[in-house]
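There are two complexes below, and they share subunit A, which is joined by subunit B in the first and by subunit C in the second.
The block that comes next holds the complex of A and B.
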């Protein structure tokens, strides 16, 4: 654990200089979401009455927290990882030090968890200020977001480690992250989707996290312990398989 | 410190290192000399415990890289061929964070970083970002980073490649000091003057094999003559003249722009050339160097 903490520490050293900008960013995004989606789009949705008694703002907040974690977990695993192998080559210098592959990956993931937790706490705080949080279970949301973020960060780490140029990232965005972001029940219930797309949603880790987050912040969305365990377990499977793939990809790049 | 027998590294069908034996003793400055693609870097990566050997025996500091890689790396200092400094950190932070990977406490790491920045003459740049540093400064910083754990062996893969002459001399000067301090240095290079200046002993590698081994002086004695005469013929193709020169020297090398005569008495050979009245534009007698050995052993074909 100590070697991984040293890697985490090096990220913090950089972050100490850039945190103001990133915290500002993590304030701006939720405010835009509250005003744009919640009040703007929400005005029309609520007038249509399709969501029943639930305000659109309240509906969308848990999904937005989740999709923010989803994107953050992915982005932190794309260019930074590619750069560490191909541009700045910092991973190669880590491999020359007495660190194991799991230490290097562990340090990366610790930093990502740190970022996921801070971002989602800020997001929830702002959502609460807009009156969009209705349950004390909301305190569990940052942890769900951390799990979701890791569940995507690990396989994306594996992908990025196998790349030699960033041209594939636009494919990953267009055919992976953006469709999943749109069709995972963040903006509307997946029951509104045609069945083929609905299947995609059920496979998406984002949908599972969104379901849990929604149950945690909305009133009157009960979730059985079994369902909850299913959702979290599914995310954990992504995390474990993703970590394993990332270890293989890193080893291939660093130990050859 | 390093013991290798029959060391082989294959990548698929390609054999990068083809069964080499290496012994490096404590306090020695040992060089791997060879053209590009000779297998120097592959060997260095195996010694650095980031590349498992395909076959053969390798022991570093008495340990097995396969099972004790982390423990070995804790006692090595690696200066890779390509810079891998963290561009988002300052000069000093690069050293401190790297020291932390070795489990060195933060306070000690800071003191060590300051010491090393003095050593590589980068103290004024301690708080600068890495990006604006010159190539020579980056390389010196990389060397400082390799020393952060006070290693038993420093591995330097082409430490001065790509640097201008002034920057090279600065790096050499620092490496020479390390050598004087008794640190074991293992370096690769294709600069002959670098090998001559820094190495107590070296091996010449070509296509994955060791083709010669010894001290710079003994290699020159064995594979070259004491002196070399360089002749330039501006108007004649060197090949045409070469035949007439064959008897004047032990060996004649024809280069595109000049002819080299290998002779123990250079002045006598030059005198003989004058007597032939071939009218060379210039005649230069010089001492034979490692470059002559290198070219003799690895051939003159450019490898890329």
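The block that comes next holds the complex of A and C.
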């Protein structure tokens, strides 16, 4: 664990100088969506009453915190990883130190968890100020977000490590991450989707995390222990398989 | 410097040779397209469609119908689709005229090379903007085609909305290029991205501006995307009224100002 902590510390040292830039993407944008969508569009959704007694703002807040973690987990595993191999080549420097592949990856993931936890805690605080948090279980949400973020960060790490140009990221975004973000029940219930798309939503880690977050912040959305274990277990599978793929990809690049 | 053109050495001849030089800047971009890049260009078609389907159909399911400025009720997808078109024209034009433009100017030093030829800064700005618009035109046409296919607008209204979408692109392309000449580093783009995203959310895109608080509504009505959204929405929904001319005029003035500022600033930055 100590070597991974050292890698983590090196990221924190850089982040102390660059955190201001991340404030916009991590906090300001999600809050803008919450206001613009939750209140702006929510005004009309609530008037129509199609969500029952639930306010639209309350409905999208748990989805928004999950999709923010989803985006953060993937973005932190795209350009930074490509840069580490191709541009700044920090991974090659790390590999020259007495570190194993799992230490390097572990340091990366620790930093991502740190970003995920801080972002989701701040976001929840703002959502609470808007009166959108209705259950003490909301304290569990940052941990669900951390799990979701890691569940996407690990496979994306594996992909980015095999890329040579950042042009492919626009493809990954347009055919992978954006559709998942839009069709995973964040902005509207997946039951509104045709059955083929709904199946895809059920495969999406984001949908599973959104369900759990929603149960944790909305009143009267009970979730059985078995369902909860199913959702979290599914995310854990992504994390474990993704980690294994990332180790393989990193080993191929760094050990020869 | 004398360039032989079919119009001779008079004003028309000067304009003609100027247009040719701008055209050669555009053709450079076409020549630089690589095979892999095409996939990325084509994938740009899908993004607005995904948003249209998710927001228009999915959220539309929750919203139902909304009122247009003239009081007519339309399904949410019909309300939101023209706004998506305007927003994608904006973001396409800004991406090309800021990120790519800035990279070419500061890092690839492309414009130092181009300005060593007879091409003048204004022609360079025009040529680059034309290239951004050519891509934007393809995306807009495809999007309007899908809107007609989904029954969100009539074919004739879609034809009328096409030049409006181009105008939105030109206005933001000009703005983006002049902004790029003021950017100090990539970090400034984060701020621009945030402003762009706020415009995307609060320009009457997802909810009618009439539902905004009064003071906020006034601010929104000063911003460019609002005019683009209202112009295109007026056309695709077929609710034409004289105010559309005001929207178009705003965007036209913005295009001309953007090009003038970009041309002048680039001359100052690069021709030292």
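The criterion applied here is as follows: the second predicted complex is superposed on the first by the 248 of 256 C-alpha atoms of A that agree within 3 Å, B and C clash if a C-alpha of one lies under 4 Å from a C-alpha of the other, contacts with A are read in each partner's own complex, and residues count from 1 in each chain.
Keep this in mind: contacts are C-beta pairs under 8 Å (C-beta built on N, C-alpha and C of every residue); 3 or more make two chains touch, one makes a residue touch a chain.
Keep in mind the model is a prediction, meaning the values are calculated, not measured.
In the overlay built on the shared chain, the residue A:256 is in contact with subunit B alone; subunit C does not reach it. Of the two partner chains placed by the overlay, only subunit B lies in contact with A:100; subunit C stays clear of it. By the document's definition of touching, of the two partners only subunit C reaches A:193; subunit B does not.
Ranked by how many residues of subunit A each touches, subunit B and subunit C are led by C. In the superposed pair of complexes, A:7 makes contact with subunit B only, with no contact to subunit C. By the touch criterion defined above, A:29 reaches subunit C but does not reach subunit B. Contacts of A:171 after superposition: subunit C is touched, whereas subunit B is not reached. Touch criterion met: A:45 reaches subunit C, while subunit B stays clear of it.
The contact surfaces that subunit B and subunit C form on subunit A in the two complexes do not overlap at any residue.
Contacts from subunit A toward subunit B in the complex involve residues 2-3, 6-7, 9-10, 13-14, 88-90, 92-100, 254-256. Those residues of subunit B lying in contact with subunit A across their complex are 11, 48, 50-52, 70-71, 73-74, 76, 78, 80, 82-89, 93, 96-98, 100-103, 145. Considering their complex, residues 21, 24-25, 28-29, 32-33, 35-37, 40-41, 43-45, 48, 50-51, 56, 165, 167, 170-171, 174-175, 178-179, 182-183, 187-188, 192-193 of subunit A touch subunit C. Taken together, the subunit C residues at the contact with subunit A in this complex read 36-37, 39-40, 43-44, 46-47, 50-51, 53-55, 57-59, 61-64, 66, 187, 190-191, 193-194, 197-198, 201-202, 206-207, 211-212.
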